[in-house]
Amino acid sequence: MPDNKTLRDMHYEMIRIRLFEETIQKVYFEGKTPAFDIAAGTVPGEMHLSAGQEPVAVGVAAHLRPSDAVTATHRPHHIALAHGMDIRKLAAEIFGKETGLGHGKGGHMHLFDPATNFGCSGIIAEGMPTAVGHALAFKKQGKDDIAVSFFGEGAANQGAFHESLNLAALWQLGVVFVCEDNAWAISVPKDKATAIANNSDRAAAYGIPGVLVPDNDPIAIYEAAGEAVSRARRGGGPSLIEVKTDRLFGHFEGDAQAYRTKEELALLQERDAIRAFERRLIESADLTASDAQNAWTRARAEVDEAIDFARSSPYPEPSAALQHVFA
Amino acid sequence: MAIETKRLLTTSKAISEGIAQEMERDPSVFVMGEDIGTYGGIFGATEGLLAKFGPDRVMDTPISETAFIGAAVGAAISGMRPIAELMFVDFFGVCMDQIYNHMAKIHYESGGNVKVPMVVTTAIGGGYGDGAQHSQTLYGMFAHLPGMKIVVPSTPYDAKGLMIAAIRDDNPVVYMFHKGIMGLGWMTPNPRATAHVPEEPYTIPIGKADVKREGRDLTIVTVSLMVHRALDAADDLATEGIEAEVLDLRSLVPLDREAIIASVMKTHRILVVDEDYRSFGMSGEVITTVIEGAFDHLDAPPVRLAYPDVPIPYSRPLEDFCLPSRDKIAAAARQLMGR
Amino acid sequence: MPDNKTLRDMHYEMIRIRLFEETIQKVYFEGKTPAFDIAAGTVPGEMHLSAGQEPVAVGVAAHLRPSDAVTATHRPHHIALAHGMDIRKLAAEIFGKETGLGHGKGGHMHLFDPATNFGCSGIIAEGMPTAVGHALAFKKQGKDDIAVSFFGEGAANQGAFHESLNLAALWQLGVVFVCEDNAWAISVPKDKATAIANNSDRAAAYGIPGVLVPDNDPIAIYEAAGEAVSRARRGGGPSLIEVKTDRLFGHFEGDAQAYRTKEELALLQERDAIRAFERRLIESADLTASDAQNAWTRARAEVDEAIDFARSSPYPEPSAALQHVFA
Amino acid sequence: MAIETKRLLTTSKAISEGIAQEMERDPSVFVMGEDIGTYGGIFGATEGLLAKFGPDRVMDTPISETAFIGAAVGAAISGMRPIAELMFVDFFGVCMDQIYNHMAKIHYESGGNVKVPMVVTTAIGGGYGDGAQHSQTLYGMFAHLPGMKIVVPSTPYDAKGLMIAAIRDDNPVVYMFHKGIMGLGWMTPNPRATAHVPEEPYTIPIGKADVKREGRDLTIVTVSLMVHRALDAADDLATEGIEAEVLDLRSLVPLDREAIIASVMKTHRILVVDEDYRSFGMSGEVITTVIEGAFDHLDAPPVRLAYPDVPIPYSRPLEDFCLPSRDKIAAAARQLMGR
């Protein structure tokens, strides 16, 4: 069970992420109405937001240090923020600005942060081998840093999943594999893609622990991650954790979600993990109602400041496109 | 005299209509891919097919490109004519072995005894801020690898005719549609992405280039979305008295070298416009074709305008800097004309 | 338990394969002595022979019809022959002759036979998806033909293994996956490559039956395959069979096998599955000693005739290299 | 006066020596791959390393190219300098995503903040009857994709110097060695595959072509094993009074365009020899480079001799028909000279 400070930090972090995602959503539609044009507006391109999946990010990240490596997917913001990425640099990168994490070269699916050893990839499951490599480096360097690889339930049917788990298990590397099962891969439901019900059962194919967290509960995730992280840190090898979580928005912004029913969407809103967690903390007296309110206000200010920073930052020089191909 | 009202279709609807007509005609045709069912394909190439043909012939797949493209190879050998969609060409790296070592080579390795009649459809191209892993064209890379036809349509009319030809072809065909030619409501509109498309099925031979605009002063050779950019530039050039011929290759394999040479024999000048990476790709191949076939007919060295050899940057000013555009094409043409 | 005719057929077929492989081995070294040059001699290129793995091929193929699809690997001869490939066309292809299966274009790793719906691939595990596709076609065509995919234990750590099993299980296709575990992937022993002891346990990751045949016994293989094949034929979906088998020769011809001990190699010779099977059939009176002798003689003649055919056949016209790129 | 005896090494020994010296110098260098330990690498590029450095730094891997090449990417980001061997380049299709979407792009996507210093070694080339899936060169395809350096050595001396340079490079390098240049006992011997190699470590800058033979009449541009074929052909041509300059590019990325142009400015004639597939590859890129840089200096149209656009056939007469050879190079050179 996380201590009070950790609970409050997790609460704040989930709120900060949610507000960030909601704000990016608003910004994303600037210049895209009335006619939606993916190339237009303040932020072009695809935009995969993580609202609903905050518990996974914060429950795991609570156990990590900045030197631990984290790899994420096309849906990376919650994980990046929870692992400590500078929110202004993140926002500025999404805006394509010179002050962004990659000076505007990467964009929202390609965030690389040496300060928090964070990376992500828009190619499904292909961030997983990189995580194995980070852990391999740490082992060679005699460090007790670990690597965490986040991926969706859709990714678990990609070859890279299998190869990465086998290699990490074979070499007993300190990797925690975290499957964010939000039940959907774009429009394809999990049962139309995965031959078995729970990916955590696939851990048996590699002789490693497989843990199922059946609901989107930050505390349960915290507990499962704690065990996996400390196993990894003490040289006990990799683990696989599967969390049943919720994708509150469309796959990407602009997704009409014709494949989901109104009822499903309403149900997800109703069981929103942040509100549930907040209620629970207030009930358990870990948080007062006014502290809770305060958290929303503080997070709002932090997010707004980051967005302002991004908005007011300059674009890179066009010809900078030709730089940084080679070091 | 009856007034003829021409039926207008977007490219994506032209493609899905072509597929639907072939599925009606031939029960061995079926479609596989991610989000090609309920969703209708991320770029609409399979819209309406699930409703019409049901889940046995329009199959959403797991994110397992190696398995389902490989399954298409097996199914093709066993008498089916599969269409498998690789959502973005950028993802080729997770499944290329099935594409180039299996789909493309089995017919040859078998000494002609085994046919692999299948189509891989895939979306190409950038210009909308999708970054380094979702914006590439890569047709030059595919065309380098022998054994598969590479189709790169530019218009709704061509798209339907080439799709039907691809499905009927007894060879593997990689059919690459640029997101910017599809006529999608949510992509920056391209006025020529909606055009007349006949309702009845028809084919366009794979391997024949098409003069999209005639001209006497220089030849602009290109494919896909850049055909439209070149036509726009040709309009601008015409106001200055420069008449550009725009040659749409329509396929890179087979490459219609005769058409390239014939056009250059007429205009004596050539500009190649290429959204794919500059080096070791289409632009060099087309220029070398001209050197091999029309060296003595050139009034000026051939010129290419291509994507620089850099990963696709995300930020708009950076991406714009890299992409060939109407203005850059016109400028390159003027330079070629010595203006 | 196979009936007497089947036992005798399996016995003959194993002998025919063994003699074929031994003969190809001899032919392969023609023109390569005293100095071994892979490009020289009657048969150039790599040569992966299957001596020792005959039980797997014949135990499975005994249940198949020519219309069943079979995919194999870089080590394909035993499976090709057991499934009924014309031995003369196979030999001629290995010799690079016009009369070969692929008119000399394919060679020993790239055998494609429409008559027996056979194909193979030199890329590890990449024959597996093709098998899934054959089975998919059969299902669509309403046939009860099935597909069998053979692969090595080394292949089971390749992404294509995972994706293929998941897809076949998801769509309940009639595929039998047969893992030939000969303990080695070239010089890498299985325990240096695979995180668990038995690949058959990986079936659980796909919710399909996984069967371990712990020794190289043709009858045990026949039994396991019989169940998997009939399940596949009746629409019951895929199975995974793992057989612990023996690679008697080097990985490829010319392999000095510095990585295997003399003792291991001697042990393998000693427990040669063909001799053991023959002894057992004679003991159980399924075969007389003179029938057994006869089988070797007949097989010898058949193999020699095929090799003669290959040897005396003409090479293709050099310019034929440019044909058959497209149909 | 002391008699100097020069130390002779095969290319494979030169490569493994280069790796060993870097491993001694820099503890962050390690090697991963299939059969690179006890076996010493199928083509001997890692021979002796396991005995010297032990299994922690010389790691045999499962047949999981995506996982271990991807692991090299992660390890490189976290401070190591991995060398990962892809046994044959033909297998790229199972792991290309890690190579071209990750290894090659992360530095750019990070805006220069993250470095990926690693080497992918891989064997290329045919000519020994290994068929369509084990005989390709494919350097043209790799060179088309931005973000990685592509090194293609031809001699023992170059191989060692380029290997050390590749390991020390802060960028990802794909190091492609042709089986026929390795000096392996079991491959058709190539007399220049054993040569003097200094014992001490040295580097050769990546991106500088090398004139392997000077000549005044025509330039033969090529790489890898074809350098040797070209040198043999140049010997033959010399007896006829034709002096060919043989330019070994040594790397395709960066491509030493200046060296190509400088040589053509001198000889006014160019023949490109390429074991990779003809179309959309190196041959077209080199010719286009000449057109862009020395059009007015040409006395004859550039010529290319390349592998035809067919999968590699197995049978010896078929493969011989396709491969560029000493005789075919000499014949093409004569034709270029108008003889």
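By letter and in written order, the chains are A, B, C and D; residue numbering begins at 1 in each of them.
In the analysis below, contacts are C-beta pairs under 8 Å (C-beta built on N, C-alpha and C of every residue); 3 or more make two chains touch, one makes a residue touch a chain.
Everything numeric in this text was worked out from a predicted model, so none of it was measured.
Note on B-C: its contact pairs, compared by residue number with those of A-B, A-D or C-D, agree for more than half at A-D.
Distances between chain centres, each the mean of the C-alpha atoms, put C farthest from chain B. Rounded to a whole number, the gap between the C-alpha centres of chain A and chain D is 41 angstrom.
Chain D has its Cα centroid 35 Å from the Cα centroid of chain C. Averaged Cα coordinates give chain A a centre that lies 45 Å from the centre of chain C. Residue positions of chain B touching 2 or more other chains: 61-62, 64, 66, 90-91, 93-94, 97-98, 101, 105, 108-109, 131-133, 146-147, 309-311, 313-314. Under the contact definition stated at the top, the residues of chain A that touch 2 or more other chains are 100, 102-107, 110, 121, 123, 126, 157-160, 163, 166-167, 170, 192-194, 325.
Residue ranges on chain B touching chain C, taken from their complex, read 30, 56, 61-62, 64, 66-80, 82, 94, 97-98, 101-102, 105-115, 146-147, 149, 170-171. Contact residues of chain D toward chain C in the complex are 34-35, 37-39, 42, 60-66, 90-91, 93-94, 127-134, 185-189, 308-311, 313-322. Contacts from chain A toward chain D in the complex involve residues 69, 71, 100-107, 110, 112-114, 117, 119, 121, 123, 126, 128-138, 140-141, 147, 159-160, 163-164, 166-167, 170, 323-327. Put simply, chain C touches chain D in their complex at residues 35-40, 43-46, 93, 96-97, 100, 102-110, 121-126, 154-155, 157-160, 185-188, 192-194, 254, 258-259, 315-322, 325.
Residue ranges on chain B touching chain D, taken from their complex, read 66, 90-101, 104-105, 108-109, 131-133, 140-141, 143-147, 252-253, 255, 276-277, 279-285, 287-288, 291-292, 295-296, 301-302, 304, 309-311, 313-314.
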